[in-house]
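Mind having a look at this structure? Questions to follow.
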């Protein structure tokens, strides 16, 4: 052991040391946010432009296809989006084809936006249908017959009795879909709604799709944005922070960005150190 | 009527499928008839006996998992990967039975249990030790990814397996199980056709089967000439892809999109 | 200044107990990476597995009611077939009749392989080729590395095309990587490594966001930041 | 004779189901009775879903077996296994109450939110730790392969974090290029060869040449 110099030691650091440093580095910025500036990427900008184009009374679908476990990356973008829909005077239909714990996510969104939900009336300004299994088959059915999947909302009110749903029974009167997902749910809407057989009543075009994806899927999701299948893409908490900057609603993503910056710098430093130590010890062994 | 053959943009796909099956069949027949086809050796497959041998020497068990696989065999992206993982599980179990190594299989795919149990039982029977097979070595975690991961992590630290083999449709558990195995110094072999987990399998495992190699591995293990023949069929398809890419590239340079419109038929 | 719309800390004792239980279980799980496998982790592990098992059974039963039992009661008598097939799975527990369980498996495997075989060639092979050989058009954002630079677009286009050729060659299974093929396969490896590295880098952001959310949760329960 | 029921018929059933799926995908719109709601293909898929739902009991039996064994053998895990059994039974009863009455008992809701959901998020995030140490080890430039991995990773890392552009404006530019273009050849090739492998595997499995699907089982 005495033969070990600092570089040897560095190469064999117990990984738990890193874990502690990482966990602390991720947590502390929440106590005193730094607030580094963020440049807005084009995909987030066009997402925001899409939200801004909502006219009063137009109906938007929020499809929550991410679970509570992905809140860190997914929740802030949803909150900012709902807030913006409210600002624009739009109406909101909410459901999930992804996760059973969506009730908790929706409750959290409502909890985080007290000023919105104290004014919005359930059934008139928004309606919440909850979770339904069935994935893509389900989305295909929803395009033409919402009542077949959701005969009533979560409160148990028959869909026919909900004022917001009066003339709506499919994709044809929906302006666009905002899909928050950890997987491929946005693809279902692109295939079944956007490229499907429905025609949007006002413009004669089918509803478009925008996505709030997780950062991990950024490159895959980016392909859909670049090919024009999605009109906007918010990628992970970074994208959400950009959206928060645009909408002016400062939420968790903006604060998370400091955590992200600190932890990324930490990781890069660790990688640099391990490389230096590797080269230092390699030279010696020769 | 009379238009039922119109496949709306799927015509080329159907042709490709028919051509692929014809090629697989033809090369399997040719290989059976004596044509010499040798599959490239995969280091990951060659390492499996070594991994089992290591476990036998150390007197420790082997961890095996086919990943989350979306919780069911009935998933078009992950079901085939799970099946491929079970193929390799059969081979691994047989090696374990031979050298008296304990193997524990973790899964969260409840509906694969009958298949897994029969595969493992057959492997023990093939080694003439049916009485050593214990159905409780296949542990299922109820279509829930996180409990399956928690239990895997706990088990790895408690039992300290000598080797850990991860083959199938993995999701985020790949990097966790991989790193947990690394901590205890297990020899690790990975394999998946889920592109998003490949970086982590490559980073944490000693050997990795990437995409197609996962499917091809069991063909190589089997050593059946006709099965290996189907791999040559795949290669012919790859040449076809390469030709299309080259041709398309040249046509793109002269701004001709006839190939693209042909493919979009 | 960052304004966060504060949600009030709950006053209901059961809700507070819930927050602390969740925090305790979280720290119990994190004791594994941060320290080592220990009795508290085991407790959390078994609690979690039991919870998920019970909830899974209930959720599945509910779905089974909706998809099979209710239609059966309403007169879709065909629904009896999948229920019988599902019961066939349990023949696994009957040593002599184990083979009966192969039939439901056959349906599952047939369905997934059939769907996989049929739906893969178009998006995963043909469309990939089409995207690779589609030349960059002026004004499109497809190759957005060098905005507005046609040279950059064509560079990216060539990069992808050449990369795909090399990487595909790397995957040849029944030809040894020797002779003239060798440099191509080596280049293919490099392209693959670049992809893996970039993907890795992207995932880090997502995973750190998740972990940051958990860190924030500790502070929330302690009342140091708004809930 | 009975051998045929045990083996050949299984492959025939799987083959027929697969064939219906393929037929549905390519000709579904045009062959009446194959596609659309209530027709052959979707009926088979519903069946598969029901089988899948019913399999959960098999998993439960398996898990209970495993824990029962720990208890009966009085291993050092017996206490935990006993806790597993007790907690599982209580929760299951609460769940049955919910199914029978349609009213969700408060303890069930409480456990769902504070144990199940919270632990789910916890486990989902645990990856953050492992990804750190995995990167620490994988991103060592031991050879050219690893060096390229490192370069790809570092630039994307610094393109994602806001601090990257503060350090150097080139990070987001190059990192995003790696993200949008640099990784495309590799990932696209993965997709293509993965699909080819799947075709061949499916073909072999359906004709009984793959050991993973009953080919060796008697």
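We just call them A, B, C and D in the order they show up, numbering each chain from 1.
To be clear about the criterion, contacts are C-beta pairs under 8 Å (C-beta built on N, C-alpha and C of every residue); 3 or more make two chains touch, one makes a residue touch a chain.
Just so you know, these numbers come straight off a predicted model, no measurement behind them.
Fewest steps needed to get from subunit A to subunit B, stepping only to touching chains, is 1.
With centres computed from CA atoms alone, C is the chain lying nearest the middle of all the protein shown. Just to note, of B-C and A-C, the chains joined by more C-beta pairs in contact are B-C. Measuring from the averaged C-alpha position of subunit A to that of subunit C gives a distance of 16 Å. Subunit D has its Cα centroid 21 Å from the Cα centroid of subunit A. Centroids of subunit C and subunit D (each the mean of its C-alpha atoms) stand 6 Å apart. Multi-chain contact residues, meaning those touching two or more other chains, occur in subunit B at positions 10, 13, 17, 20, 72-74, 80, 83, 111, 113-115, 118, 141-143, 146, 150, 158, 179, 195-196, 198, 200, 202-203, 210-213, 216, 231, 234, 238, 241. Residue positions 29-30, 32-34, 42, 44-45, 48-49, 51-53, 56-57, 60, 63, 89, 92, 102, 104-105, 108-109, 111, 113, 115-121, 125, 129, 132, 144, 164, 168, 171, 192, 196-200, 202-205, 207-208, 210-214 of subunit C are each in touch with at least two other chains.
Counting partner chains per residue, subunit D shows two or more touched chains at residues 22, 25-26, 45, 48-49, 51-52, 55-56, 58-60, 63, 77, 112-113, 116, 118-121, 123-131, 133, 135, 137-139, 150, 153-154, 157, 160-161, 176, 179-180, 183, 187, 190-194, 196, 198-199, 202-203, 205, 213-214. Subunit C meets subunit B in the complex at residues 29, 32, 36-37, 41-42, 44-45, 48-49, 51-53, 56-57, 60, 89, 92, 98, 101-102, 104-105, 108-109, 111-113, 115-122, 125-126, 129-130, 132-135, 157-158, 161, 164-165, 168-169, 171-177, 192, 196-197, 199-200, 203.
For subunit A in complex with subunit B, the touching residues are 15, 69, 216-217, 220.
Across the complex, subunit D meets subunit C through its residues 5-6, 9-11, 13-22, 24-26, 43-61, 63, 77, 80-81, 83-85, 87-88, 91-92, 94-96, 98-99, 106, 110-116, 118-119, 121-131, 135, 138-139, 144-146, 148-157, 159-161, 173, 175-196, 198-199, 202-203, 205-206, 213-214.
Listed in rising order, the residues of subunit D touching subunit A in the complex are 37, 42, 45, 112-113, 116-118, 120-121, 123-125, 128-129, 132-133, 135-137, 139-142, 150, 153-154, 157-158, 160-166, 172, 176, 179-180, 183, 187. Interface residues of subunit A, counted against subunit D in their complex, comprise 15, 18-19, 22-23, 26, 36-39, 41, 67-72, 101, 104, 137, 141, 215, 218-219, 222, 226, 238, 241, 257, 260-262, 264-265, 267-268, 270-271, 274-275, 278.
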